[in-house]
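Shared chain: subunit A. Partners: subunit B in the first complex, subunit C in the second.
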Partner chain A sequence: MKDKIEKIIIETLVELNEELENESLENPSSITKLYGANGGFDSLALVSFITDLEEKISDEFDKEIVLADEKAMSAKTSPFRNVESLTLYIKSLLEN
Partner chain B sequence: MKIVFKNYSTLNEQESFEILNIRNKDFIRKNMITNEIISLENHTKWINSLKNNLDKKYFAIICENEVMGSCSWVKEKDEFTWGIFFKEEVNPIISSCCAYLFLENCFFYDKIEKLGSLVKKENTIAFSFNKNFGFELYKEDEDYFYLKLEKEDWENNKNSRLIKSIKKYLDKIEYQFS
Partner chain C sequence: MNQIIVITGTSKGIGKAIANYYLEQNDFVIGCSRNESSITHPNYRHFSLEVSDEKAVVSMIRAVKKEFGKIDILINNAGIASMNHILTTSVETISKLFNTNFIGTFLFTREVSKVMMKQKNGRIVNFTTIATPLRLEGEAVYAASKSAIENFTQTASKELAPFNITINALGPTPIETDLIKAVPKNKIEELLNKQTIKRFGTFEDIINVIEFFVDEKSKFITGQIIYLGGVNN
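For the complex of A and B:
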């Protein structure tokens, strides 16, 4: 499941970055930083990314998840720090 | 969720202090043209100077009774420039929605036809934030990027993939400019 989630995250990143043309998000991997310290996303790009990702995860796993949870969006503890932390966060949401 | 854009001239003492506190944070100051720490005395004097000043409009952004940031426009030589900043821990949905609502207010309530933006070159996140809201780079010098957004382009950009993504959240926000 973890690999599948990471693959979806990376595909979503690549698609969105065709529009953003952000160098720090080119060739994304598990260590790619997303939001917060040295992250590649500004807040609007993050919201767009979350919207796309929620839809793809829901299609793939047939389960609705809400990534834009109030706690999750807090900058210091955010799972949106990098691809790996987001993968683990989505996995925990799908398993609960 | 309720968001109030409260004119600096009508802030109470505590709200005014909270704005100053955010404005004096390192991560905000380093991206400002004036980056020294501002004293409470100077801040209060400056806020008082805004009363009846038609060339400057500053709002505190108050979300569920908590001061979260600030947005503004300043008119200089017939050109308008906007500015916006938030607490570091602000929810990105809130900051994106507030920027959208403020731009709407600039173009459709204040009837601004063209809005400029001045971004320090090292502030890559602010640069992409402006670009994602439709601002276009038209000039740069050693230190700054100069961007602009015209009302007509804002209208067209509101249907961009990026801006559309916040619409579902905007529907759940009750807001007012006061």
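For the complex of A and C:
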């Protein structure tokens, strides 16, 4: 499941970066930083990304999830800070 | 025109009147209420849900997106009122009011905005009340829940502006619907007397403001609160 989630995150990143053309998001991997210190996203890009991702994950796993978290905008503990933390966060939502 | 319009609280009163108005204009209306649909029309879809039920709201909006591919307008009409003195108001009443009025408005705004941000266009209309600016005795909790909606509308207008989504609120005066059925006659008279124009509102008065907010030409109008009957904040 973890690999599948990461694959979807990376695909979504690649698609979104066609618009953003952000160098730090080129060739994304599990260590790619997303939001917060040195992350490739500002808050507007983050919400666009989260919206795309929510839809793909819900379709793929046939379970409706909402990517909303009180720590979303925290630089240090946001589940959206990098690809790996986001993968684990989504995995926990799907398992709940 | 065939706009896709989501309206909450369509089983009766203002919500039903707005839904019927847009159905007559050949638009598609997707409504919801706690109970079964009271509207039968080929362009109408109904979801039975609690507007504060996050899962149900998420499912509804995803289903709408799947069927129609877009949402042009969201009208957050669903609301409940309560008249009571604060000394005899229960915590349960507060939860009920804030769940339906504020959390319902919040959830629909969040989920529908996700659809609208992709199309880079959208109009959201929320509902407040003149009880809020008038600080009406007996409506402390109801008015507070609507006050939350007003402030939310204004902040949301800033967060949603980059996606060309406008969000405004309309504050009706009492109109003769179920919501005020239980209010004593003299209380209503007293309230009407506090308005600049001292009469009940009508569905047409409300639809007129909604039409202004959702008009294509109103793209420069956002974060605004308009009260009917000449009431000011």
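Just so it is clear, the second predicted complex is superposed on the first by the 91 of 96 C-alpha atoms of A that agree within 3 Å, B and C clash if a C-alpha of one lies under 4 Å from a C-alpha of the other, contacts with A are read in each partner's own complex, and residues count from 1 in each chain.
The rule is simple: a residue touches a chain if its C-beta (ideal position, glycine included) is under 8 Å from a C-beta of that chain, and two chains touch if they have at least 3 such contacts.
It should be emphasised that the depicted structure is a prediction, and the values quoted were computed from it without experimental measurement.
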Simultaneous placement of subunit C and subunit B on subunit A, clash or fit: clash
Partner chain(s) touched by A:Tyr35 [first = subunit B, second = subunit C, both, neither]: first
Comparing the two partners subunit B and subunit C, which touches a greater set of residues in subunit A: B
Partner chain(s) touched by A:Glu64 [first = subunit B, second = subunit C, both, neither]: second
Contacts of A:Glu19 with subunit B and subunit C, given as first, second, both or neither: first
First, second, both or neither for A:Val47, with subunit B first and subunit C second: both
Clashing subunit C stretch [against subunit B; choices 149-157, 185-193 or 203-211]: 149-157
Footprint overlap on subunit A, comparing subunit B with subunit C: 44, 47-48, 51, 68
Subunit A residues within the subunit B interface of the complex: 19-20, 22, 35, 42-48, 50-52, 68, 70, 73-76
Interface residues, subunit A side, partner subunit C - complex: 44, 47-48, 51, 54-55, 58, 64, 66, 68
Of subunit C, residues touching subunit A in the complex: 54-55, 58-59, 62, 110, 114, 117-118, 162
List of subunit B residues in touch with subunit A within their complex: 88-93, 95-96, 99, 125-126, 128-129, 132-133, 161-163, 165-166, 168-169
